Every structure is written in structure tokens, then in C-alpha cells.
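For clarity, chains are labelled A, B and C in written order, and residue numbers in each chain start from 1.
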Amino acid sequence: MLNKSSSKKSVSTTELKEIFATGLKLCIFMSVICVMLFFVNSITAEKIAEFESKKINDAIITIMGDDPNMTIEPLEDLGDSSVKEVYKIDSMVDEQSQLIGYCVYAKAKGYGGEFNLLVGLNADGTVKGISVISDSETVGIGKKVLTDSFLSKFNGKSEGVTLGSGDIVAVSGATVTSKAVTSCVNSVLDFYESTLKEADTDENNG
Amino acid sequence: MKTTVKKNKVSLIGVLLDGIVFKNPVLIQLLGMCPILATSTSLENAFGMGVAVTFVLFFSNIIISLLRKIIPEKIRIAAYIIIIAGFVSVIDMILKAYLPSLSSSLGVFIPLIVVNCIIFARAESFASKNGVIPSAVDGIACGIGFTIALSIVSAIREILGNGTILGFHIFGESFQPATMMLLPFGGFLTLGFVIALVQFVTDKIGKGGNK
Amino acid sequence: MDLFINILIIIGIFGGLALIFGCLLVIASRFFAVKQDERAEKIIALLPGANCGGCGYAGCASYAEAVLSGEAKPNLCTSLSQEEINAIAEISGAEASEKSLPTVAHIKCCGSNECTSNKYNYGGIDDCRSLIRLGGGEKSCVYSCIGLGNCVKACVFGAISVKNGVAAVDTKRCKGCGSCVAACPKSLIELIPATARFSVYCSSKDKGKAVNAICDNGCIACGICVKNCPNSAITLKNNCAVIDYSLCDGCGICAEKCPKGTIRSTKGGKKAVKSSAPAVKTEKPASSTGTFSFDVKNTDKD
């Protein structure tokens, strides 16, 4: 039964004061915590962004090779839904810029959530190498898929890859992760066909 | 004249031992089992999670104890959650910045620390009724207790399910581990057996003391 | 400056949200408030809050309501001091009552593992009631304390513990609430005045010879205590000594004279009693032979 005796519309000023005072206290707690978070964030945000970009740079060097003449050029406005960022890799030789390939930072949906791969492509659109940027797969199951022994099987592929056909077999017990990697590589290859190849041809022709 | 209810003096050693052994939040009170099942797939994850929970417990217990006379009764729950969420966000940012591999391994379970039963239960039942120092000790003790329980389960699951401990292969590379131990089913089994063992041992000790 | 503006925006948004929700929470709590008699809260604050049931009501809250409705007197809670009783009487508008004389629990058995033996070994559930039909318990005497701790579980003040196979009361913690009296399946526990200094720690109805054979400290109904008590406070009932505390003045002569050490000080600690009559000991049965035999005792009165 609702108690109506003291909560009628005619709320006295002391009650109003209490309501406001309590609300104000909650407001103060919230503000203090927010300020604390703000400061912690300002200290760590830089490091977080730095770390992420460093990881990508390191992965690019691992896949494409450590060439002192290499330039990494992020391409803008090219990503579709599964592609986060695209980097064009050129090499400056004798003041002539020669295309080495592309690195596509793409995401995939694994067992433990989203994971991110860096797929390196040769100038002709075949897979040069794959590197894992971040993941939350289970140790011993999904993580086994995200190792070089499986990922290197994609090297040299240029068209739609299907699991189970030929040499790429899903890791037993980790089907979800294997399928996720495959579909990610496929979408990167599609992306190359649809977007990067043309841009490349345009450049060469123009 | 008002007579006050006599409160027992809180002994710090008692609080410490309670949190770690006698009233271990996981093995005796059966709290916080969800993150245990999910993050106990490797010992490294376990340590990371345990440290994160201990950090949050320690600071939130201190703050809540400091503010216990100021927080009005009616907004108690909201205030506790704000404070706990604040510290969880802090540890989340710290982990992302300085231990990113651990942060991505633990994934969504770091933010889920906010609704971890243990933290809220200690805030509600201990920190809101006791002084700052006992609350701080209780926070650390429960955190250590949680870490110990989590580590035991993780060690078993990692050894049996992956053949490794902290990443080192202890049975040789060709060992075929029982991968099901790393699945949720294995987690339930392991946790169940560990709790049963603990109950058995404490019963025996209890009987021995009495007889 | 930029920093400052950012902080202000954050505080504005979240602080504002918190303010709104805080106010909403307080309004909601008024709306959904449960009306409770304020006097009940005041009385409950004076009660110990242990919910022991010694007053005869389900818990401290029920007792408070009963006092307010006039159904119960303020002095039923044995934990309260006279001042607290007066305060409760004042709040509830009842007439002042006197604090009842404090009592403590007393367990009428001292049969520990040292002075008696087991007729069998039991390995079942920890409940005294489960052994009632098995010869009244593991120990040789059917009237003995079973020692599995039903009374310990019933006591909310932690005043009873099982030591050496027999239950013992910590008189400093005991509040005389009576929960243990109800819990003991053999009704071995009684409430005696807190001022009592000596008690009889036995309730055996067996004749002296039978008791002698199975327990070093059981009452053999020899009657020495009866003859020596200056106040005639002890009598023999059913082959066992019984003290009438309205007559006892705590002189302790009975305890001194008791040849078996059955009458002891309530303050605990075995009184240095020489067991002058050498007990005829039965062989203690070998542990866990797997077989057990009941001592067929003649428990019928002649």
C-alpha cells in the first residue's frame, strides 16, 4: 500500500531541502569521481594511442621487411565496414617511389570477441603475411589459430579462400576462430579487388 | 538514557585471516564465481585479474569507509556503484596503457569487475560499518583470498587443459592436453571440486578441534 | 583553460545526471516508504539483536511489537540491564517491571572422553538426535551428553562448546535465553541461577554399581552430600543428587565431600577431587574394530 500521509503533493520545505541535499551529495560524489577519471585518462590516453600505433608499425615492418627506404602512407577514406585502416607501403629508390604493397588493418569476430589482424598484401594483391594486433581468444584453443603456423598458410593467396579445401584446414576445436580469420582475409582480398586495385591502376595510368 | 549496543572490537589480524582463509569470498562465501569461471583459463590471466580486483577492493573499501557517515541511506547503492565504477575505470585505463596484452586477454571482464559480487558485498557489509584501517585490511584480505582461489583453479585448468603453466610447457611439446578443461564445462568442474575439497578439509579441522 | 572547460562539461553532464537521479531516489523512497512505528525502532535499538528467542517471541522485532501491544512485559529479555528494561517500559508506556533473576545454562553431564568410554564408534551425521535411538549415544552411559553439538548450534551467543566429547557452558557469555534447553534431545540442560556456585554434573538414573562401572565421575547416589549439606539443599532423586538452589548458599561442602567428583564448581575447571572409590573400569573397547556391543545395563529400578 502506498503511504500517502507524508508524500502528498504538498511537500514541505524541509522535505524539499532533504531531497535536494541528497541529490546534491550524489552529484558531488559523481563529480569527484569524474574529475579523478578525467585526470587518469589524460595521463594514460596518450600512452594507449601510442602503443596501438607502435604495434601496427612493428607489425608492418615484420610483414613487409625492414627496409630503410620504406615509407608507410596511411590512406584516408578508403575503409569499408570491416577494414579499419589502410596503409600504402612504398619504397623510395633513386627518388622513384615504387609500390611494395599494402597493409590492411582489419577486424574479425572471434570466439572471445573482436580481434584485429594486420594483413600485408604484395603489390599484385596476394597475401604477403598476417600479423595479430589484438585478440581475446582462449589460451590453448582460439589462440592456437592466431599463430604463424596457421596464419602463414594464407601466404600467396589472392582469391576467395575456403576453409577445408586444399591446404587450409581449420584448427580442430577452434572452428569459430579459424572461420573468422578466413573471412577476414577474404574481405581484405575483396577490398583489394574492389578498391585498392583500381586506385593503383589509376595512379599508374595517370 | 540511551544505551548503546556494544560492538565487538575488530581485530586486524582477525579481519586479515577471515578474508584470506576462514571466510574466503570464493571458496567459503561462494561469491564472484562468474569472473572466476571466465578468466581462469591461464595462470597469468588469473594473477592479472586478481591484482585488478584487489586494487578496486582496496580503494573502494577505503573511500566508502571514509564516507560512510556522509552517504545518505537512500542513495547508498547508487553512491557505492559510482565509487566502484570509478576505480574500475581507472584500473581499466592503467591496464590498457601499461599491460595491453593482459587487458585484451581479460577483455570484457575488467569492466565487469564493477558488478562483481565480492566488491559490493564487502562495501555493503563491512566498509559501511567499520573504520578506514579495518576496511582497508579487509579489502586487501578479500582480494588476496580471491586471487588465491582464482590461481588454484587457473593452475589446474591450465596444466590439464593446455599442458603449460605460465606459458611454460611442463609435459613436453607433444603432450595432448584435455582441452575441455579450458571450456566453461571444465571450469565448473574444477571450481566445484576445489570448493568440495576446501569444505572437506575445514570440516575435518572443525571436528578435530571440537573432539 | 581548455582543460577547465572540458572538466566543467563532464561535471555538468554527469553531475547533473547524478543530481536528478539522487532526487528521484529520495522521492521514490518516500513514495514507497513502509510505515513503521517509531517506538518499535527505538525499542529494537535497545535489544541485543541476537534473535535468540529466549523471550518466547520469534525475534527481537517481534518482541518489540509484543511489548508495544501490551502482550509482553519489558523484562522478558534476559540480556537487558535494569536500566534498559526501564527505558523500554518508558517508551512503550508499560508499567515498570523488575529484571528477572539472571540464569545460566547448566549441562547435567561431565562425561568427557577422559572419564568414560564409548560403546561403539559413530561416523554419521553431526546431530545428537540421530543417536538417541542408538543406545542414547556413543558413550557407555545412556544418560550421557552425546557431544555432537545441537546445543552449540542453537546458541546464538557462542556460549556453549563441546570439549573432550561433552558440552560445556561459558557462564560469562551465557545470557540464560534457553535456546539450548530446547535443543538438547535428552533434556540434559537446565537453567540455574547465575549466582549458583556449585552444581551436580550428572543426571544418571542408574544405580551406583552400574554407574561406577562405566563412568569415573558419575553420581552413584551414595548420599554423602545429602548428609553433609548444612542447609539440606541436596536430595537424591532417581539415583542422582539434585540441588535446590533456593536453599543452597554456595558453601561447597558437597563438592568437597563428593567421592566421585560429580558436584563441581560452576566456574569451570575440575575441582581437585580425589576419586577415593577406585572405579571398576571396564576395558575400553579397541577403536574401530567394526563391531560394537551394547552394554546391557539394568536400567530398571528395583
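Following the convention adopted for this analysis, contacts are C-beta pairs under 8 Å (C-beta built on N, C-alpha and C of every residue); 3 or more make two chains touch, one makes a residue touch a chain.
From a predicted model like this one, the values you see are computed outputs, not experimental measurements.
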Shared interface partners, meaning chains that touch chain A and chain C: B
Most centrally placed chain - per-chain CA mean versus overall CA mean: B
A-B compared against B-C, more contacting pairs: A-B
Chain centre separation in whole Å, for chain C relative to chain A (CA means): 67
Distance from the mean Cα position of chain B to that of chain A, given in whole angstrom: 31
Distance from the mean Cα position of chain C to that of chain B, given in whole angstrom: 37
Junction residues of chain C - those touching two or more other chains: 18, 21-22, 25-26
Interface hub residues of chain A, defined as touching at least two other chains: 22, 25-26, 29-30, 34
Set of chain B residues in contact with two or more other chains: 72, 74-75, 78, 82
Chain B contact footprint on chain C (complex, rising order): 18, 21-22, 25-26, 29, 45-46, 48-49, 81, 83-84, 87, 113, 126, 149, 161-165
Touching residues on chain C, where the partner in the complex is chain A: 3, 6-7, 10-11, 14-23, 25-27, 30-35
Residue ranges of chain B touching chain C (in the complex, touch as defined): 1-3, 5, 72, 74-75, 78, 82, 207, 210-211
Chain C partner contacts - residues on chain A that touch it in the complex: 2-3, 5-7, 15, 18-20, 22-31, 34-35, 38, 42
Interface residues, chain B side, partner chain A - complex: 41-42, 45, 67, 70-72, 74-75, 78-79, 82-83, 85-86, 89-90, 93-94, 96-98, 100, 104-108, 158, 161-162, 164, 177, 179, 182-183
